[in-house]
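Here is the structure we will look at, set down as structure tokens.
We call the chains A, B and C, going by the order they appear; numbering starts again at 1 in every chain.
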Amino acid sequence: MRNPQLNAQGELQHLLTIEGLPAAIIRQILDTAEPFVSIAEREVKKVPLLRGKSIFNLFFENSTRTRTTFEIAAKRLSADVINLNVGASSTAKGETLLDTVNNLSAMLADMFVVRHAQSGAAHLIAQHVAPHIHVINAGDGRHAHPTQGLLDMFTIRHYKGDFTRLVVAIVGDVLHSRVARSQIHALTTLGVPELRVIAPKTLLPTAVERLGVRVFHDLAQGLRGADVVIMLRLQSERMRGALLPSAQEYFKHYGLTPERLEVANPDVIVMHPGPMNRGVEIDSAVADGSHSVILPQVTFGIAVRMAVMAILAGN
Amino acid sequence: MRNPQLNAQGELQHLLTIEGLPAAIIRQILDTAEPFVSIAEREVKKVPLLRGKSIFNLFFENSTRTRTTFEIAAKRLSADVINLNVGASSTAKGETLLDTVNNLSAMLADMFVVRHAQSGAAHLIAQHVAPHIHVINAGDGRHAHPTQGLLDMFTIRHYKGDFTRLVVAIVGDVLHSRVARSQIHALTTLGVPELRVIAPKTLLPTAVERLGVRVFHDLAQGLRGADVVIMLRLQSERMRGALLPSAQEYFKHYGLTPERLEVANPDVIVMHPGPMNRGVEIDSAVADGSHSVILPQVTFGIAVRMAVMAILAGN
Amino acid sequence: MRNPQLNAQGELQHLLTIEGLPAAIIRQILDTAEPFVSIAEREVKKVPLLRGKSIFNLFFENSTRTRTTFEIAAKRLSADVINLNVGASSTAKGETLLDTVNNLSAMLADMFVVRHAQSGAAHLIAQHVAPHIHVINAGDGRHAHPTQGLLDMFTIRHYKGDFTRLVVAIVGDVLHSRVARSQIHALTTLGVPELRVIAPKTLLPTAVERLGVRVFHDLAQGLRGADVVIMLRLQSERMRGALLPSAQEYFKHYGLTPERLEVANPDVIVMHPGPMNRGVEIDSAVADGSHSVILPQVTFGIAVRMAVMAILAGN
């Protein structure tokens, strides 16, 4: 079966998941993003690459932050952006997901940025849209959040250069995190030799080792010698779900403090996809400290999203 | 009394209802829309006709779908679009409708696209705005939805050419449908010789024959020989209102299936304003079948709305 | 301590409050706004001054009207505008105000327009953003609403020319009004010799005289000889708070009617920041009468906001 993300020429047709994405395409996206970072320094932060294109932000699940990053990326490429909080409208009227998408396609959309609570929603849409329409998955259920994974790769490459000598540790709720899934696929594809996940058993998927990671339940052991530490957001609803005793308890065992970070490599970088729970998964002294690259991640995220859109529109 | 939609030169000043609109103006709108359809095939789907104009989407009643079509149309004409979900704000603060509109007028609006649950709201606004401001009715109560009616005319002309030899059947809840009202006025103005409405008695306005339609309560009889079948959306709240026994019962008598469509003309087209209730008023085999022109309606809808805006801005 | 609104060269860096703003800068804003008023008469109501700049409307408190005026102003300057109803998103996820702002800054924002229910929020943000980012306070708690104060000054100058011979009366709920506070600071800075506030004791701050105003509890006495009357909006929640007996009672004593206005100067102008409570603080015959400049205030408001943005972007 052909990769549903690639066209007949093996070029990117949709961005749905990092799983199965060739390393060459990941590198193409990162390379394309480079010049977009420097747009920040210009007077006019715009390029006309997508002028006259209509990009629809289809958010079936509300996420102002993610929606905003895509909106900014699209506007900096001079596209017309239409924001649709779809949950509130047609689906409420009993219309099916595919009817909604077909309708918007008929409005001559060029690209859909899709966020949905259900895993696989973006795939389903990609299977049904006309050939000239491109779909970007902006997060589907627990499945994937590929642009987040890609911006993380951009960040790591920016600070560390080469992936093939790194020790990378992902800390926290891997079980419920589409971000973690996307990161793991990207890091293994790019050849990271030692990829660790650090979490209590209740927050790890069964047989997570098969994804190519080493499992640690002890933070100190897992952080030892790490070049990159990626903290995951702890969703408070997990507490209510009785998977965890309390935020305080979690912080005691898995919260990243400056002291705990000392066992990592001296030039370790600390990442977080945001929004942060200060004092739960991360201490403010780390979040705002010299190892933190959390805000650069956000800046790079705009450039990476611009790159994905520009590549898709060109294919 | 002068037609409130026309200026002293008999040109379109506002688009409020198709009732009373001269056939020449309906044809002018359809003709103007033609070149906008082909914009779809261009690389840059934009024309600078409304550059620097401010178009306000004043939605007192929420409708993401309709709002989106106007937003896209305006952006393709290079206008600046301001979306206002007015219900949620000033009116909640006790401000009157006219105060809200006067305020927005004072912000130098060029055009208002108005959606309101109350019949006559767009008329009221049109009566009070400054002479340079144009009002488009995007649906008011049960009264009118003229751009929907116009895009339906565009669709029929596109597939059938001439209106003066057609048998057109409108099926469903005519009583509560502003869409049906707009369609009936447009079709009679354009000279359709046989216009039928098919519905149970509880879903027809009293004395609907005076609008120039033939009434059928039996679907098979009404569809016989039809060139165009227009299905109406069945609003589920009508069920609760005890006007109808159930969705299943409705489908049994008035749902359009391929079998029932067989009595129509072999090259019949099937239309629906959306969003569809599959399995209630229309069977999926018809909605997605070879007679369906439901998605082209959406595409033409953008072009027709661009045409209305372009004509208004030019007058 | 340096004025947090000015940069090292004494130029406007942020617009947070009119308190402490030098008269020269107020006049610079009003002068810059003048040509923007005439943009209204142009075919293309746009200038490219802010092309490629990203302006974020950060509304932690909902206000469609104010948000719209800033959105229009920014679009007429050709900026890219991102609307964020922040209350509904990140803060709900437990993120701090400064984390939210830091994130948006990292998306390469050029300007934040901030509305917040808490006094001092815009100041806090201004203290923490990168040096190239400008903050405009669009209303914070009971503290300040400087662009409203500035547009009022523009309106008074437009109709009266010179501030130094005027009798100005502010009528109504001064206690809870950030608008009143901004007006009082602006009017005293610009040299108004007689500034009056007219209100019941329960709606006046303690020691309001220290702001440089004369206090009247009787409407007729306070209006005598006034050149400018500024009505304040009476927020209905004040009624519930038992500060006032009823809307009817309030209107009887402080509602502005044509009869009561007769003691003012014959060429008096009447202003109101909107939205109006007709029949509570103001009679419709005054609101819509020949002395009213309430709608011109709105028009000038766009020009003044454009001026503030243009000046900030230039500094």
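The rule is short, and it goes like this: a residue touches a chain if its C-beta (ideal position, glycine included) is under 8 Å from a C-beta of that chain, and two chains touch if they have at least 3 such contacts.
This is a predicted model, so every value here is computed, not measured.
Shared contact partners of subunit A and subunit B comprise C.
The pairing of subunit A with subunit C is characterised as different-residue: of all residue numbers used at this interface, under half are used by both copies.
Remark: subunit A and subunit C have CA centroids separated by 41 Å (rounded to whole angstrom). Among the residues of subunit A, none is in touch with two or more other chains. Contact residues on subunit A toward subunit C in their complex (touch as defined above): 39-40, 42-46, 62-65, 68-69, 71-72, 75-76, 236, 274-278, 295-299, 301-302. Against subunit B, the residues of subunit A that register as touching in their complex are 51-54, 80, 82, 84-86, 88-90, 93-96, 99-100, 102-108.
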